[in-house]
Amino acid sequence: MKGLKAEAAAELIPDGASLLIGGFMAVGTPERLIDALIARRAEGLTVIANDTAMPGKGIGKLISAGAVRRAVVSHIGLNPETQAKMLAGELAVELVPQGTLVERIRAGGVGLGGVLTPTGLGTEVEDGKPVIEVEGRRYLLETPIRADFALLAAWQADYVGNLCYSLTAHNFNPVMALSGKTVIAEPEAIVPVGVIPPDAVKTPGVLVDHLILRE
Amino acid sequence: MKGLKAEAAAELIPDGASLLIGGFMAVGTPERLIDALIARRAEGLTVIANDTAMPGKGIGKLISAGAVRRAVVSHIGLNPETQAKMLAGELAVELVPQGTLVERIRAGGVGLGGVLTPTGLGTEVEDGKPVIEVEGRRYLLETPIRADFALLAAWQADYVGNLCYSLTAHNFNPVMALSGKTVIAEPEAIVPVGVIPPDAVKTPGVLVDHLILRE
Amino acid sequence: MEAKELIARRVAQEIAPGMLVNLGIGLPSLVANFVPAERGVFFQAENGVIGLGARPPEGMQDPHLTDAGGGFVTAVPGAASIDSAMSFGLIRGGHLDMTVLGGLEVDEAGMLANWKVPGKMVPGMGGAMDLVTGAARVVVAMQHSARGGSKIVPKCSLPLTSLRRVSLVVTDLAVIEPSDAGLVLRERAPGVSVAAIRAATAARLIVPEEVPEMRLG
Amino acid sequence: MEAKELIARRVAQEIAPGMLVNLGIGLPSLVANFVPAERGVFFQAENGVIGLGARPPEGMQDPHLTDAGGGFVTAVPGAASIDSAMSFGLIRGGHLDMTVLGGLEVDEAGMLANWKVPGKMVPGMGGAMDLVTGAARVVVAMQHSARGGSKIVPKCSLPLTSLRRVSLVVTDLAVIEPSDAGLVLRERAPGVSVAAIRAATAARLIVPEEVPEMRLG
């Protein structure tokens, strides 16, 4: 486990990197890491996340700053800038159904070669994907997603990197912790080992490479 | 949520039913439910579980009682009775790699048509299964498992059926909670609503049909 | 009564005690206001809570407790936090008793389109494709018409959300139930005639002999 | 030194600080005894704990805290409870730095057989197939011979555990590393000659000029 300032973490992340970023409409998103990426003028990023939040919050700040080249998300309806940049051809947006997105990220993290889902059958989401029949029902084959980095927001972390999350700030964070080649967590509090009991740990510290330290 | 005595729950489960039963070498196994099934002389059951424990404990008691016709498990090495009954043709045993077993049960519970895993490729486990190539790697297609009932052991339950588990007694229980048509949980303690905080719930009560009441 | 309230009140009648229900952003989220707490219903927000409660008191908002639209909510006693994998596991796995979603179009086959107007407005499907595919019952809550045009059409012109037929459509004019035979007019809004509904509907409607007024609880 | 202790001591040398390591039932579980706590290694038991510790004091056993063989263990500070889906997610997903397993046979291609003797003994694969397929490093810890026969053979006659080549084989006589060219003899047990190892091994061995004695820490 290596503690880092947000600025130092942003230096680890090269332009053009692919990033899994936790959060749902900016709830459970690592804001200090995002601010540090913008401060170092990151560009060409691929962002894989539930949504692009709204202007001024979470991933919305990366969109506004022009740091993102490609977004793989389920929803952009509450960020008009994302829609405008997409329609203007400045930003590639790949829309993935939310349940499919989380399973693809999980598959990448747990070593599965893909999952079969009924979601998207017969819609635009089916285009170009194999359809596989199992026990008389048809499913889309959806492939795993991994990324160079996973940027997580957590509620508490302990010194060995065990993480727990609060209420609706869980969302994609526990799954993304499995699927980044390098995993960086931004907790709201860092507590001594033993403060988070084993049964309360949602992300084992062995998955976490770096913790963002207090300012 | 309906509270039941173990005896009443055993009456709900007909001979020949398929049962997902939580536990790993009898740790995290609902012993009172098993005792009640044996007391009502259940027979012809299909048991899907990690293992058959050992004689005198957990699923081992069902094996000894001759209640099981078919076992879908990853390991029987510590129960010589299971091995003897299998070699004598009295018990059908389907061996499934442990990681594949848990993913198949999860797939059944979360509505996936299957998962692709590298585990078992080129071994006897591959026999009769489709091999699917994704991004240049080969995987086995493993299909979902559901069952008529899931019999779970939990640490605490609250009045709406929210469950939490302790240490290594989690094992298959949280996943099986998703995949039984009827889910029956045997908690060690039943506590008022609010005693288990939302972030500590591992199985939401909406998945649980019946709680086994105190003796 | 305002159109939105009428729709929300009528949808609320579909919700039985003990159900697990997902309410979409916007109009569908109003439904919770008309379901009495005594009914023991659990509302799920796909972003991660089972047991969504009302708006919090001023100054007591928790930044970690919002609905899928990002608005502050509370949690009821017995609530559970879940991550997105569990949330959509419940949805896709058939554990959700009902979902209430908005719609852009519903057609005679009961197909729903609600996530994209090509070249114009692309909010994305969010959780809608999983919800329509996986929930035990799918209720569409929407205005009957938009910009003077019927949203209930012979065949959807917009991209579909799912091949799954929706269970019920509740609008400010009518309750319509898709079936093998087509769209069946089940109820009229108070004071609205069958003829007025036909006139406002581009799709063919099957009209039974009796079309009662909506029950509004 | 007893054979089992020798093997466990040698395997312990493979474990670097900060690793996540799974130890199989039986002989492999002894390895933990020879890894100093200061090394900051996390042991995983596939049944559900990261941070497995030593045997508990008498009378302090918790029935909810066992290893994969069902024996009572403790948890170290910083331990985490995980369910079977997470446990095998870590294993299959490549998050496990090393697994140590027993073996029935290892062959010249580095293939392992360790879960079935057809018609005779069928313990089942348990987690072995996932562990051998998914762990970053796979170490086989076993006696060199059984019932007078070599367990290191030209080609496995028993059903394979995985098509994945194992990383290292540690026996009471030798350390052997499977490679593209075949099985390379890396180390000798204290006082055991290369000739004695060759004589006890049914498989062809590649013998470098230098074959040092085992480091035992």
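Chains: A, B, C and D, in written order; residue numbering restarts at 1 for each.
Just so it is clear, a contact is a pair of C-beta atoms (placed from the backbone, for glycine too) under 8 Å apart; a residue touches a chain by one contact, two chains touch by 3 or more.
Computed from a prediction, not measured in an experiment: that's the story for all the values here.
Both chain B and chain D are touched by A. Chain centres here are C-alpha means, and the one lying farthest from chain B is C. Between A-C and A-D, more contacting C-beta pairs join the chains of A-C. Rounded to whole angstrom units, the spacing between the C-alpha centres of chain A and chain C is 28. Here the CA centre of chain A is 35 Å from the CA centre of chain D.
The distance from the centre of chain C to the centre of chain D, with each centre set as the mean of the Cα atoms, comes to 55 Å.
Computed centre separation for the pair chain A/chain B is 32 angstrom, with centres defined by C-alpha atoms. Counting partner chains per residue, chain A shows two or more touched chains at residues 103, 106, 110-112, 117-118, 165-167, 198-199.
Multi-chain contact residues of chain D (touching two or more other chains) are listed as 49, 75, 81-82, 85, 88, 91-92, 134. If you check each pair of chains against the touch rule, the ones that pass are A-B, A-C, A-D, B-C, B-D.
Against chain D, in their complex, chain B makes its touches with residues 24-28, 50-51, 54, 73-78, 83, 86-87, 93, 95, 97-100, 102-103, 106, 117-125, 155, 165-175, 202. If you check the complex, the residues on chain D that touch chain A are 20, 42, 49-51, 75, 77-82, 85-86, 88-95, 134. Here chain B touches chain A in the complex through residues 103, 107, 110-118, 132, 134-135, 137, 139, 141, 143-144, 164-167, 198-200, going by the rule given at the top. Against chain D, in their complex, chain A makes its touches with residues 106, 109-112, 158-160, 162, 178, 193-194, 198-199, 201, 204-207. By the touch rule above, chain D contacts chain B in their complex via residues 45-49, 62-66, 68-70, 75, 81-85, 88, 91-92, 116, 119, 121-130, 133-134, 159-163.
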